[in-house]
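The next part holds the structures, each set out as structure tokens.
Two complexes, one shared chain (chain A), two partners (chain B, chain C).
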Partner chain A sequence: MESIEYRNCLIELLYQLADDDFILAYRGSEWLGLAPHIEEDVAFSSISQDLMGHATLYYSLLEELGEGKADSLTHNRRPEKFRNAIILELPNGTGTYLVNPDFDWGFTVVRNYFYTLAKKIRLDSIKKESYEPLQHIVKKISVEMTYHLMHWETWFIQLMNSTPEARSRMETAIKLVLEDFEGVLSYGDLGDQIVTLSLIESEATLKQRFIAELQKKEPIDLSMKMKNGDGRNGTHTKHLTTSLAILSEVYQSIPATEW
Partner chain B sequence: MTLEERVMAALQTVKDPEIPSISVVDLGIVYEVRTIGLHVEIDAMPTFSGCPALDIMKRDMTLAVEDIQEVKSVTVTYIRNPIWTTDRVSEKGRLELKEYGIAPPEAHDGNEWRVPCPYCGSVYTTLDNIFGPAACRSILYCKSCKNPFEAMKPVSI
Partner chain C sequence: MTVASEHQLEQFMDRIDRGEKIEANDWMPDDYREALIRLISMHGISEIMGALPEKEWVPKAPTLHRKLAIMAKVQDEMGHGQLLLRVAEDLMEPLGKNRDDIMKDLFSGKLKFHNVFHMEAPTWGDAGIIAWLVDGAAIISQTMMLGTSYGPYGRALKRICAEEVFHAQHGESIIMALAEGTKEQRVLLQDSINSWWPSLLMFFGPKSKAETGHTNQDKNMRYKLRTKTNEQLRQEFLTKYVPRIWSLGLTIPDESLRFDEGDGEWKYAQPDWNEFKRIVTGHGPKSQERLSLRVRSYEMNNWVREALGKSALASGVGSHE
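Moving on, here comes the complex of A and B:
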């Protein structure tokens, strides 16, 4: 490792990559049994399982860098230590997966499609130049996520070109997602150092690529914000706290159990 | 037989718990076996990173090799580089997948992905769902013999 600064920046970036996939995998898993049709249930569960696998790869690298066991990183870390973008922790709709789940499929499609596209752009950048073990992980993830991008793009394009009601609900969903989507493209307070150390290209470059790619599909206004704050700096909503409590309920009941 | 050969033979008995007709060797996940005295090191390649069978296969590989009389210890490590692709499935493995009703991976030809039915061999098949009951499998339908079937999802770099 080149320096303490390099190590700190690498760890910061790894938490961002890991926590994004981790929390979105959880949100995806809440759809199990509730997706629009059985084929989607199979596909979405498989995608969520893959995302959890991607998070595991990043956590295993964090483990090697001395951050602690992967299980502990996910189950024992306080919400303010999480580095995921806030848009990814927001609930799928009202109710919970157990009680009155009134989940929003349009929101889910937009969030997953935009995230998967941004993820691809991010990983492509890391492939060019970064920490070598991270590049190996990213190569593996890129192969698997090709199918995810195809999947969400199909849903996005079909719903955008469907009935007027579908179109209007999609437009509402796009507005909602964009209100916090800047958070996905942010690297937080250490951003400048992360870029200077060549761990990834600049936020502005990736944002430009993201907008260009998306506008090839749909000429929509893509001005974005971080309405709820920057998750990369540890700012989160109560929804992250609730999700982590549910996720770690079994682990917390008997922490010594072998997984 | 050398110790390496005996290790490979032991690994042939370890099956993928989700596709019990194929061994980890024929699936292509065993990358390298090294013996250091009586210690055995196995480098394995994960198929899909979220596959829940990975830990089970790691345990089963360890137990199978530990059963070889002179082996003192075994370490199985999932490596990150290079990555597993479906090209690594052996010819024998392709037949074993078919026996279990899973069409072996086909090479991608642009966007076209022609998968012959593992039951009747017809190529008059359609893709129902690229995602299937396991991370590595897709769901297809044969319009000739009217059977739904699964195919190994093609993975290439």
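Moving on, here comes the complex of A and C:
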């Protein structure tokens, strides 16, 4: 490891990568048994499982870097220590995954499609130049990205080009997602250092690629914001707190034991 | 019955008796088709409804490893449901019916699902018991069905059984961790066994018509859809699992439970078969809540199904419709 600064920036980036996948995997798993049809339930749960697997790989690397046990990082870390983008923690709709869910498939498709595309661009950049053990992980993950991207892109294009109701729901969902999507492309307060240390290319470069790729599929206005703040700096909504309480309910119920 | 169809039936029964496999497009008597549709759609929908009690525990699983394992398991169950519904759909096609009819029959209560999936699963111990003992029971009944006379069902079951073995191992691993854990974890586990025991006995269905006034097992045996009775399967389950439960230092909430060397079978207190009837007819503790989750999913995704129907692009994620 080159320096303390390098180590800190690397750890910061790893939390961003890990927490993004971890939280979105959770949101995906809430859809279990509720997807539009059984085939989609099977495919979507496979994708959520992949995301949880990707998060696990990053957390293992954080564990190797001395951040603590991966299970403790996921089940015993305070919400303000999480580095995921806020758009990924927002609920799938109203109700809970067990009681009266009224989930929005349009929002889910747009969030997952945009995130998957941004994730692929981010991983491709890391593959070019970064911390070597991270590059190994990213190469493994990239194999699955093609399939994830194809899945969500197909849904996106299909729903954008079908009934007027679907089109209108998708347009509303796009607006909603873009209001906080800047947070996915942000590296937070340590961003400049992360880029200077060649852990990843600049936010602007990746954002430009993201917009160019998406514009090829649908000529839509992609102005984006961070309405709820920048999750990379530990700002989060109450939805993250609620989610983490569910994710760690059993782990926390009997502390310091094997499960 | 006409002479021609009598002849067809005779030939069909000869094939059954010779142990041949019947395929989707072969001639088959109406009641064979009906029995298959009933059996396979109930099996398929049970896999799908079975995802709901486990879904409760997917995010809550206490480690990353357990989260990944239970996610994989529930995905498999949905996959089994899909596989089985496809087999059922092929059988329903000549009757002009499709998956929509299966879902509507589920919502109306006409199509039943397995008793165990009507029950509550309020703790992580229950998640372990479901994976270990409910899946263990399912393996026993599905392994018996592998030799079924209907080829497509047998082939689907072959794949399902292979995956169920992993599920039971996942369950056993959860159980071992709890059994070897703290006092609280052991209490959690014992409570789960206590609450699930009657449901596990009920899983295989009544011994005979005497218990519930109705059973399909005689006809299903004649058509070689199945090769063992409900009671034979329950005995196999007890032989396999009672010693394992005891060896973990756990108890079973039935003081009369014992293996009778003379009869060569397990003696056990009968579960309340009236309760069983109430449960499978939609009056179990979670029946309505889980059904309403599925109805809700159907309704909230109405616009998606409509959109897929009208989408100009017939691509990969299209629905079954």
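Just so it is clear, the second predicted complex is superposed on the first by the 256 of 259 C-alpha atoms of A that agree within 3 Å, B and C clash if a C-alpha of one lies under 4 Å from a C-alpha of the other, contacts with A are read in each partner's own complex, and residues count from 1 in each chain.
FYI, contacts are C-beta pairs under 8 Å (C-beta built on N, C-alpha and C of every residue); 3 or more make two chains touch, one makes a residue touch a chain.
For clarity, every value in this text was computed on a predicted model and none was experimentally measured.
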**Request:** Would you check which partner chain A:T56 touches, where first means chain B only, second means chain C only, and both and neither mean what they say?
**Result:** both
**Request:** Please work out whether A:S46 is in contact with chain B alone, chain C alone, both, or neither, and reply first, second, both or neither.
**Result:** both
**Request:** With the two complexes superposed on chain A, say which partner A:H151 touches: chain B (first), chain C (second), both, or neither.
**Result:** both
**Prompt:** Where does A:T96 make contact in the superposed view: on chain B (first), on chain C (second), on both, or on neither?
**Reply:** neither
**Prompt:** Touching A:N233 in the superposition: chain B (first), chain C (second), both, neither?
**Reply:** neither
**Partner chain in contact with A:A166 - chain B first, chain C second, else both or neither** = second
**Message:** Is A:L32 touching anything from chain B or chain C once the two structures are fitted on A? First, second, both or neither.
**Reply:** second
**Prompt:** So which one touches more of the residues on chain A, chain B or chain C?
**Reply:** C
**Request:** Residue by residue on chain A, keep only those touching chain B in one complex and chain C in the other, then list them.
**Result:** 39, 42-43, 45-46, 49, 52-53, 56, 150-151
**Prompt:** Quick one: in the complex, what on chain A touches chain C?
**Reply:** 26, 29-30, 32-43, 45-46, 48-49, 52-53, 55-56, 59, 70-71, 74-75, 93, 97-98, 100-103, 105, 150-151, 154-155, 157-159, 161-163, 165-166, 169, 243, 246-247, 249-251, 253-254, 257-259
**Item:** Of all residues in chain C, those that touch chain A in their complex
**Value:** 48, 51-52, 55-56, 58-68, 71-72, 74-75, 78-79, 81-82, 85, 124, 174, 177, 180-182, 184-185, 293-294, 296-297, 300-301, 303-308, 310-313, 315-320
**Request:** Show which residues of chain A lie in contact with chain B when the two form their complex.
**Result:** 39, 42-43, 45-47, 49-54, 56-57, 133, 136-137, 139-141, 143-144, 147, 150-151
**Request:** Name, in rising order, each residue of chain B that touches chain A in their complex.
**Result:** 46, 48-52, 80-81, 83, 85, 128-133, 135, 139, 153, 155-157
